[in-house]
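Labels A, B, C, D, E, F, G and H are assigned to the chains in the order they are written; within every chain, residues are numbered from 1.
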């Protein structure tokens, strides 16, 4: 089993945390994993891209050129990673900010998630990352929820601990959204 | 014709000026010449060694390993350059400060010059270099005296101009000394 | 309708890469306004530092050079010597000027080099994600002083005070971007920094206390209060040397 | 008969490479005397600079390190941090400390590093045959200022005055080797430089005005008069900062 | 009456302009720009005296001020 | 009476010791050392009060001072 | 079970240094090695160590000089432009025979370049960016785990030979997060250092220096250095051999690019050639002998780098014309892709 | 008749720079290049030029960066440790494509070493002591006259390619005095520099920089650089060929050691072998093609250096095993003697 995920947004959209949590959770579940941040530049406010590879075998290159999953948080990111789309790629995009072109290939799986709106609804704009995380994990079914919540809790330390609940809620909303809209078999609640 | 001279003393004995004047004079007389200072170290008060090569042909290496002439101003210098002595080397040494060993080869020409004493006599300790210069040139007969004096005069500028006469005198004493003690055919006075 | 405030001509109408609320944007606009007011756009040559302001050469509409980290004063010297009639300025951050580049700023000031330096003191390394700067104030938490700066990391370096000891410096002042009033004063002071050069009075440096909300980990508004309430205690505002008034 | 003055134990009985009348010899003897008087020979670690004093490690009879040109304060920092109970000092010339090494001395002082610096200011680059130093005085002729130093080469850098601005410096004084009295005072001041360290009071620097007769192109005696009559006008003697008296 | 214009492509939503308006005429908008940022806006009922405070503090030169 | 000893292998003939002697007891010698240098010498009729001035200024630690 | 940590290469290097007994860190921020300095700012004080954010890379490496001369395990880290600034002092440390660790997480160059990944400081690292005939030992990890492991080795080897050692990573290795296991029980093998400056109590004074002004001495010293380097070349070569035995085409790559080459070999199973890979781990000393051996049977060698062609020179020097040595490289942040490498193999045309 | 001056290589380089139109000199004292900086301290003001004794080598090279960016002919000079300190900025200048002259009069290393002569900065000069894939053009004179001549060329080539050029001498070349004739009439061929910073009057603004943060741009720029380097390799190779045609033993040496090799060839007339010599004048670009050609007929090549073996790698890269490449070197101020070289030839044993 191998899963290659590209997370792409701009700095501040929390893709870093998303990637780290994902990587940490699967590592604890005994998988091989690489998490590779590829910052645009030494420059502020740049785009933020992360490559996460999860595998049952040793991982060669941490750089992804053919993605199993693309998680896209803004338009420039889509432009950039469009060419990583192959047969059967799962494309999750934040439809609050991203407008996809019409000429996408047929053989990919598209998940349109209004993540910013959902996050805004629950009162925390930056939780859009966890909305996407919930949606993604619900579809791909990689991490038991308890494991994920454990990692989330330990990663939010100090003043940030207070943000646990809202992040958890955002994740649940993401799960909920794909279940409602994409007829997903929801079994990630089960523990290992 | 090739003449390889090593000048060796400690800093302050004027070997630099000696070498430069020699080189300049022969250059003006159309010879090839190299003048190579080889300081002991980046360090003060070190020894000062100069290699002068005069030739009618292109000069390859400016470094001398077999000297036609050795001009030695103190004991450490002799120790250092002893191994540059070959058949027929002319060895001029400042006998006021240098004591030669007894086991020198027979086939070399030794000129014992009490240069510091002579210079002291005429009232300028540091003119010992010009004493040696006079002796050397008188023996080797390389530079017309007028040419040499011209170079000496132009090299002593500013406050140093006043030193011309004493240096000239020192040189003459050097000439005189070898003439009197070594039966030298004195013809360097002639101009080109 | 008359435009009474608009983007200066010397500042290109392009988005900057600065974080929201970053003081670099204000300072660069002020420089552009001053250059415009002097009618000097076509004879200005600026030097951008390595630091968050590295891309300043994309924002100003006049000749610009890069400089290795810390070396803008040396690069400015090299340029000014070739073009003594041009207006040459170096733009530097606190890491750039007061850490790696402290030798160059001191000797350039001491030579009385006829250039202008705009020194943006935001008390932190912005570009490299929030390490202590030589100008971080005592107890300031940064990523390399997680418990707050203590004396074992040394003390905040007061650049104007330090340079004022040098006989070569002509104009030294510290201003801030914390309020509209302070910003207007900053503009006037930057103008003076440039007229010092135009009148060939030698080395001028304007230190601008500026906010890096991201690495102060504050909202932008709060970060301006930090300047007024905290930074100015260590770095008092004022003119430290002025060739005109002989104030020193 | 009792010996009332002799070569200190910490100074090996070997000839030095210094020119006749060079001030380095005096200063190094004084350091050795002070180390002896503190009974600290076996716990002292010195750093020799690149400059005429480069071979100082051959003359002192205690552990010594070389440092790249200008970096003795950084090397001293690295040593002191490993051996905080040893007595660590850096010996530096004016080119070493005030030109290429100005960044290191400023930041080491500013960190309040608990070391002692002996700074030999002879107003010239001795080792490299007489170029201008940052401390060459106005109008001083050197091989790189053949017409005398003018303001276009910058102004004499006053190291004690500069470092006194820094919160991290604890003891700063300028002394000279021009007369027996001054030499005795220099010894006392060097002692204070070391006791500052022993009492863990932080950074101490003793600037010693010293003669380089060769590159002043003077007789040794004349060169001492130059210190008294010329150098002290630019570099007044005195204590610039003292943790004990809070003088600053 | 003087008025201001906010360039929404330049505004980064830092909100530094808000507290400096003597008439409290600026606010955070509800709308998002392409980066998902709430930018600053002039209040519908805002008053502008053309003091230029808001433009002066704006780090992104996003505000222009006009006067008759 | 106090007296001094000059180490002729260390003395470089800088003559800094000469002017500092309150009794004018030091002078340049006529003899040369191995480097061809005239070193300092205590005058035959010199007086020494053991003030240590000469030793203090000597850059080569060439002078020792003795007292009863 | 051993605890797995998800860490960047930068953090792993930092933690490994602590485990190896390094208690003196001096550095200056620069991307992409900031995670290292940032990590140690917190961690060093926790273990009673010294952390100084120096005023510059120059100051940092000179503090390292001091702590190394004082006998301690010590290190600095930086990235390309910062490493350039350290070259004078690195030459001094080699000349004073001082052990230390220098970490370089290479970024795009020349000049300010960018912060993307690169392997274009190979020449600087292995040929000597500073002046004079000296060598530093250069170790190149390809995973986060190996970064930690080589950091331990680096300190041991540095002490063993009294020589600076560089761990040469790149932006990718530095910023990549992977699981890493630390060998806590690892012996802190601090060598006995009778030459170190500790105060001369009970012994003759020590001098640490690289200055040999007396004519002839410097040549004697250089000979001694060269003999040491010979010993290192004889004993410290490290490489990973992946099926080079019998291979007709051999890829040579280190660090980041070697991982991609492994991928290629994995993908290639069904290709025309018998593919193998040689991954130099020690870049100096270089696995010259091994590559010579390979060149005796291989039909072609392809060197893959993130540079315009640097290590390929050492490969060619080893091969001496025995078989063709090809090169494929990307510069300025470009990472060779498996596709590109496969294409290069196809182009061999045999 | 042309006036002959008896000057050191340092002075000749300085005067030649003036003649070539260089009016901006920035330097810091260091032996054995002091005669150069000292000379220009007097001379620059006489011709209305700028002379700054900078606070350090770092400041000096960065002032050079500034004056070069401003469009002027400019230079700095130093010796080994000082050149190491300049490496970061040299990489920046290569990355910003700025022309300038850097003179390195090499001394003994590593570290402080000594002030005797050496050729051990060859690697640093030709492989790049700084970071990233860049090249500087390196010219190596062997006489004082040639030092002057190459300084003129250096400025022309630097401007032509917008690239730093190094004149790589050594303590011997720098301090040796020989007669030198200056070609006063030499055209001050200051190239038109539309890219220079002069104020943007009447044109779009110019930017001088080496930063390419936008993904992909840095690779494009590096490709452009590599193409330029290819052009330089095609057009700017300089060497002196002494009887290599038909020679069975060829000595390869540059600068100071080449003079000694000439002496050997002169002395060798009656030997067993047909001796020839190839003297690279441009060290980068290296006369690779010529040496390859030689290796096709020669039975052996011996490289002679004052180093532990640096240029010999470039010779081996050119020869690729076609004939044996031997090496004889001295380090730390030792200069190979004709005797030693003759012995080495004898040892060839064929």
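Throughout what follows, a residue touches a chain if its C-beta (ideal position, glycine included) is under 8 Å from a C-beta of that chain, and two chains touch if they have at least 3 such contacts.
These numbers come from a predicted model, not from an experiment.
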item: D-G, C-H or D-H - pair sharing over half of the C-G contact pairs; value: D-H
item: Between the pairs C-H and A-G, the one where more C-beta pairs touch; value: C-H
item: Gap in Å, rounded to a whole number, between the CA centres of chain E and chain D; value: 59
item: Distance from the mean Cα position of chain F to that of chain E, given in whole angstrom; value: 85
item: Length of the line joining the C-alpha centres of chain D and chain F, rounded to whole Å; value: 26
item: Residues of chain F whose C-beta touches two or more other chains; value: none
item: Overlap residues in chain B, where contacts from two or more other chains coincide; value: 41-43, 46
item: Residues of chain D touching at least two other chains; value: 18-19, 22, 54-55, 66, 68, 99-100, 102-103, 106-107, 111, 127-128, 134, 153
item: Residue ranges of chain H in contact with chain G within the complex; value: 80-81, 83-85, 87-88, 91-96, 106, 108-116, 118, 120-121, 123-124, 127-134, 209-213, 215-223, 225-226, 307-308, 310, 313, 316-317, 319-322, 330-334
item: Footprint of chain H on chain C - complex, ascending; value: 41-45, 47-48, 54-55, 57-58, 60-68, 71, 74-83, 86, 103-104, 106-107, 111
item: Chain D residues within the chain H interface of the complex; value: 50, 54, 66, 68-70, 95, 99-100, 102, 125, 127-129, 131-132, 134, 143-147, 153
item: Residue ranges of chain D in contact with chain C within the complex; value: 99-100, 102-103, 106-107, 110-112, 134, 151-158, 161-162, 165-168
item: For the chain G and chain C complex, residues of the former touching the latter; value: 28-31, 34, 37-38, 41-42, 45, 51, 53, 55-57, 81, 111-112
